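Which chain is which? They are A, B, C, D, E and F, in the order written, and residues in each are numbered from 1.
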Amino acid sequence: MTISSIAQHLPALLIAVPLLTAFLTPLIGGVNRTLRMLWVALGISATSAIGLALAWKVFTTGTVLYVFGAAAVGQVLPMDSGGIPIRIIFEVDAFSALMIVIASISAFAITMYSLVSESECSGQDGFYALLFLLVVGIMGMVATGDLFNFFVFLEISSLAGAALVAYRVDKGVAVEAGLKYALLSTLGALCVLIAIGLLFAQYNALNLATLASRLQFTTLDKIALALLIVPLAMKCGAVPMHFWTPDTYATAPSSITALLVVSSQASLYGLFRVLFSLYGHLVQFNYATFGWFVIILGVLSMFVGVTMAIPQKDVKRLMAYHAVSQTGYMLLGVGVGLAVLGNRSALNAYGLTAMAGGIFHIINHAMYKGLLFLTAGAIFYRTGTRNLNKLGGLGHTMPWTMVFFMIGALAIAGIPPFNGFASKLMIYESVFRFSPFLSIVAMVVSILTLASFVKVFHSIFMGPRREEFAAAREVPAAMIFGMALLAVVVMLFGLFPQTFIDGMITPAVTALVDRGAYISAILGGH
Amino acid sequence: MRLSQTLGKSLWTFLFNSGSCNGCEIEMVAAVTPRYDVERFGLKLVGSPRHADLLLITGPVTRKMAPRLKLVYEQMPDPKIVVCVGVCGISGGTFYDSYNLAGPVDQIIPVDVYVPGCPPRPEAIIHGVVTALAKLEQAEKVS
Amino acid sequence: MKMLAPQEIVDVLKEAAGDAFKEARCTEWAEGVKGNKSRQVWIRLDRKALRPALKRLIEIHFPHLGVISCTDLGEEVELLYHLFVYYGVPHSEIMVTLAVSLPKTDLSIPTITDLIPGALVSEREKQEMMGIRVENIPDGRRMFLPDDFPEGVYPWRKDATGIPSDMVKELWTTGRENLKPPEGAGATEEEKKE
Amino acid sequence: MSFPMIPELLGQLLKKPATNPFPAPQLPPTITGYLKAVGEGKATMNPPVPVPPNMRGKMVYNRGTCIGCSLCIKVCPARAIELVPQTKKVRIFVSQCINCGQCTEVCPKNCLNLSDEFLIADTDRYSDKLVLG
Amino acid sequence: MNIGNLIMVVVGTGAMALFGIVAGLFYMGIDRVLVARMQARIGPPLRQPFIDMAKLMTKQNIVPANAIPWLFNAAPLVALASSISIMLYIPLGSFAPIFRGYGDLILIVYLLVIPALAMVVGGLASGSPYATIGAQREMVTMISYELPLATTIIAFAWKYAQLGLDNPFSLATVAATPIWSQVGPLGFVGCLLLLVTMILVTPGELGKIPFDTPEAETELAGGLLVEYSGRNLALFYLSLGVKAIVLTAVVVALFFPYNLSSYLAMSALPARLVDGAFFLVKIFVIMFFSVSLIRIAMARFRITQVVDVYWKYLGALSLVGLILVMVDSFIR
Amino acid sequence: MKTLEIKKTAPYTTQIGPAHPALKEPVMFTFELEGERIRKADFAPGKAHRGIEWMGLRRNCVQIVYLAERICGICGITHSLSFCRAIEQVAQIQVSNRAHYIRTIVGELERIHSHLLWAGVAAHELGFDSAFYLAWRVRENVMDLLEYLTGNRVHYAIIQIGGVRRDITPDMVPKIEESLKFFEGVYGKLASIFLDDTTIQMRCRDCGVLTPEEALKLCPVGPTARASGVRKDVRVDHPYAAYADLELQPVTPDQLTGEIRGDVYDRIIVRLLEVKQSIGIIRQCLAQMPDGPILAVPKMALLLAQLKKAEGEAVGRHEAPRGEVMHYVRMGKQESPVAWKVKASSYSNYMSWVPMLEGEQVADIPIIVASIDPCISCTDRVTIVGDQGAQVWTKEELHRLSVEKTRQLQLG
């Protein structure tokens, strides 16, 4: 294969490589441990490289379309796709590309980290196979341009995720949490499937673009919309459907939790796709209503998340609640954008910035929250506990972990110059035009988040050395590498936000808002 | 520790009561109040021995307080000055014999200046501090 | 409130104490130009009458307990409960002291903290300073003495269990022996002994 | 809401401070230099707040008239006086004296007196100034 | 950014750092002298804070046994550096901020969190339980004043955005169009309320009485800073001084951005000097009312009362201010 | 092992209070906390125990007068007066009425100085240093007067067995009058600053309540008892010195506000009103002062000889600024007493801390502790110890509690 053909088949490789890695891992793992580690490292490096390359291509040349099995890319879809609609079409626009970037970076850092963090557990082969499957699911969800495929990848990611949550089989709790996750995901997926069915029955199409161009907003469409929104909102952990996150996030191995965060971001992606690209034009008379719906969802998530987080004793539960809270910021930003979608001048004045803030926050969140979960994992790795009341004094022995934790904490609290601030700033400085009170709430929640993390910081790292953790040392290099990678990204995004905003976020926002472009990319001039 | 020109002009002071009758203690406090106002010499009362340059100590040092006195002295960063205020800290005063005293003060920590009186008037305490400063200046010259 | 005269109080308490009553004495002391008198009642009782007498006194007027004093009399130790009734009305207060002697062989006394909770500080002090055993004291920890103070040494005792001389620190001697001899003085040997 | 302190504070801004500037309003550049200047009459030292007559300050001892009767030792509550047997005179430790003045009252020869001197801080508690006799 | 610019920034940063530290200490001195006078005392010489700093620099720098040394030592540096860096975003008189294009109010507000945070982290790193309570209280205080502070800033921004100005959060915008001239009577009242809010938020941010609960000496023996000594302590004090300048400069910039020179029709250099001097005077006035006077005229609040005062009373006050400003715009 | 040691020492190192305006005798408190709320309080005094009573039994009575004076430096007259009154009763020494009046005047001046001192300390504990400075500035005037009358600012050494050592001569009276006028002039200002200030009210109202019931049972004395409505004042109840000739009423807070709440604020009221009452008492004493000698036995040698023959027991009492002080003395035909029991006022008031503190917040500890005016106002020396009593408070717990407080605030 030549370079150019690789370039051409990037979307396919994005799925194929991790899939292949997943299936071959047990085989290779059977040979020997070191080999397996190499193989896994190779697989994830390749996947991430492909992902980044694909994203680069999108950002530089525009939306990439890929049809599996199609002779020519240009001739993607017959207008009367009546025959066999189930055909894998990838449509990678700037928004998708952004998600791929997130997934690539996180997956890489996390896998490197887990090479050590999970090395002492049994069932390695299964673990990595599942992990790569999860990656496949995530990549697929954000890259596909087809509703049914979306469902398939959602299922893949859910099942792999559930299996991974239950991975530490020696713990009854974990299995229970895995089941819970699986059950909820399945229920959710079922809803999605019904929605797909409803839409297919009416419009005889599964391709997003096609559907979008045909949608009439009948009652059935409305039901379908609800059936899509609810499970996706649930999967991304928005209040009031956030109840599953603490259990799941807390019990899964930390590396998996970090990846689950990415997967929930992918659901968020799905939610925004549905709202903007699929139903975008139909809700236009109701932008404000839908916008407010999302905003309220966001504000609630922000507030409930943070207030639930503060009293938590389990580090990871606490972080999970913060994840809920942070999701609120994204919803808030994008919600404001949605609310003023119909109002050109407002959209330009602040709506786009708000959306950009929200979307920028998605990537930032994936980075710092991933980082935080990895540090939590590092602490668990050395101490065997996640209970804040039991921890203490680790700052003496685990300085790197502490530094990474501080970076993550400052970022999540939106303290300059870390990336959380950059995106939150965009949110503060735009949503106030929509309603000044929203900005005030957002700012106050930030400080609450900070307070909560100061507490965690203190409980884990500060204080005199503890006898029971006398043996705790800094974690091995690979884990540090994984955390460092995310930390560097966190800092880069924080120090040079404009670069990333111009290069990635704005195109993503444009892609999301400009529904016409999305449709016409597939359907040709409309 | 190098003695510096500025030390004497910015004496941060920690008061320590090692079991005194409070008489000296109130006179030291009175020295802070407007009539005497030691702050005009840059002297400031601080809440932590870590911040202190000058230890003003009163009382004949009860057995419970002796280890604490030592600790406080050790917690003070160098260079440090100790002024013992009141005769009961200097030599026991009226409490010249007891089963529960470990003093006088200079048996526990080194003392630079003694301010006799029971209690010394606030101005005598100021004079004691000034005497300490003069001693400091001499030490500076030597070093 | 009908106020009893000192002698009436003695009578009432005598009745309450029964055969445990030993002796009583009423004293007066006047100060000031007008010669207004303060009145004191001193009652010596046996240990078993302490609580009945106190209960009776409480019925008269809830007394204020000043303090429990204590004297080492050699073979016995005397405890004195200084109580005050009829306070609040100018010049009519009466001090009632209930004195109880305890043989050194059995220095125990029932607590009165259930009747007057404020007696706790004083009772704790008696335990550590005089080695009294207060029965049923709700909190028997030390109060004034340091934790490392030797057991079985009681500062107020005048016998072998009192403060041994090697525990006494003579603060005043510190550093004096290094003094130069006074002018015109001869040998310094004797001085050094000081 | 009421903050009665505020007018008081603002009013005080315009008034003279209540401080008695002893020995100088603020710290002179060097103490030794200042003391020297005062000694030479080049600088004036602000006096302490005036003390009333009969203030009980540092002890003065007239060694000459003392007859060594030890009455003062008997009443001294601080063991500040000791008899020097060789000379039949007493010795007074100012750094132990609590200025009660009991000895001065009891002395049959009036050789003990409390002066109004009270600035007697010293670096040595048995310095010549602080041991009389 | 070309080389010339870079040099400008470096030189400017140095100058600002110097100005911040000197002015911070100078105002500390003024504060101490004035407070002493109001309490009928002579008080220390004006240069006392400088002497104190010089002395602390020569003292032993003790790192307690329980501390995490590098963190313990880094915290004061971070505190000072971050305080100074905020200086770069603040206009001083008619001198525009060095980073005029970048900074805005929200950035400043969040940058202001860093010195406080550094103090908290330093306190925690010292391993003293008193510092721990101090840190918790500091956080609670921070949470408390965030609401009125955020409300005030958003109110400003909302007003300027309403006016169609480009950079509603930029201090330059505020300076160019003083708020008072843009509001009607209702809005004027609203702005007054916001001014009161800011005056009272300032002592909270600076940890002064009555909001000094985190450092409350009677309760915590110095709170966060108990274990600090020598150079580290000096750095913290410097950072507090700089922070005081920053905060008052923000209040000045928000509410009193006026310059004398425009009234006096002066030429460039003297105008700058006059404005600079006028700016110092304005800072002094704000400092006097929101720091010196308040800190000696009241008793310290309990931590619960701090929360009450900020959330309930000042929060309500500032929200009313915001609403008045909004209503004022709508009816105009 | 290291951790253990740290846990043990950490609270100790930090409890060392800055001893500043608050005159503090080290007392150690133990609290069981719930968040910032105090569930249980306990205290351990005795850090200043010097063994004074024990020393006294090795000295003669004249020496003890000065030793007694140094039990405490705040009430320079209280203990010596009480001790002398006990000895006088044992030895049947009749003190002249002039001496009684002088004792009373000095005693009331001491009350003024002590209450002003307390007001300052309390203000300082509230972080209100201006009020502290103001109170102490006014107090300097009393100190001057006391020094003028007695020769010393703190330990006046004016009381002697059988009377007083210094007379108040007619030429001294104008100066006393002048001071009284000054206090009257400044009283209104002080009262308004301490009673009207919003922040002081916020901190002191309904804080540290001692109910009348508790005030009876726990036997507190002085303003602590009176602020809770227990009308108990040795000067009123027990005729002694010049008080025996005066018409006095105990001061209770309802005289100002019409109600008794028994909180810290009420204790401020009582003390402020007592300053006013003291001014009145001094006025009356000056007006009625009889002539006569000031010392019953002026020759100390004679006095000592007389005391050596004395036998018996008596209680000497005085209403110190903080409440009743009593000295029980028993003499047995020897130079030193057979028994000497000192009861300082704070000794009686300790117990009332417990109900006052329980249920209040950590931040209120200093002002509540100071409100009984112990000679230990600075709770910097508080050690916060153990959740369940025995074990020493660890930093984690401290931390957790503060965190819980935070949460409570956020949810509330």
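Brief remarks follow.
Convention: a residue touches a chain if its C-beta (ideal position, glycine included) is under 8 Å from a C-beta of that chain, and two chains touch if they have at least 3 such contacts.
All of these numbers come straight from a predicted model, not from anything done at the bench.
Averaging C-alpha coordinates per chain and comparing to chain C, the farthest chain turns out to be A. Nearest to the overall CA centre, using the mean of each chain's CA atoms, is chain E. Farthest from chain B in terms of Cα centroid separation is A. Centroids of chain D and chain E (each the mean of its C-alpha atoms) stand 48 Å apart.
Computed from the mean C-alpha positions, the centre of chain C lies at a distance of 61 Å from the centre of chain E. Spacing of chain B relative to chain E, judged by their CA centroids, is 36 angstrom. A separation of 28 Å divides the Cα centre of chain D from that of chain F. Residue positions 36, 38-45, 66, 127, 132, 136, 139-140, 143, 217, 221-222, 226, 296-298 of chain E are each in touch with at least two other chains. Within chain C, contacts with two or more other chains are made by residues 145-146, 155, 163, 172, 175. The multi-chain contact residues of chain A, meaning those touching 2 or more other chains, are 448, 451, 455, 458, 463-464. Those residues of chain B that touch chain D in the complex are listed here as 8-9, 34-37, 40-42, 83, 87, 90-94, 96, 106, 112-118, 120-121, 123-124, 126-128, 130-131, 133-135, 137-138. Those residues of chain D lying in contact with chain F across their complex are 1-5, 8-9, 18, 49, 51-52, 54-56, 71, 74-78, 98-102, 105-106, 114.
The residues of chain D lying in touch with chain B in their complex are 17-23, 25-27, 30-32, 35, 48-49, 51, 58, 77-79, 93-100, 118-125, 130. Of all residues in chain E, those touching chain A in their complex are 66, 68, 70-71, 104, 106-107, 109-111, 113-114, 117, 120-121, 124-125, 127, 132, 135-136, 139-140, 142-143, 146-147, 150-151, 154-155, 157-158, 161, 169, 322, 326. For chain F in complex with chain B, the residues that touch the partner chain are 12-13, 16-26, 46-52, 54-55, 58, 66-67, 70-74, 76, 117, 120, 132-133, 136-137, 140, 143, 153-155, 375, 380.
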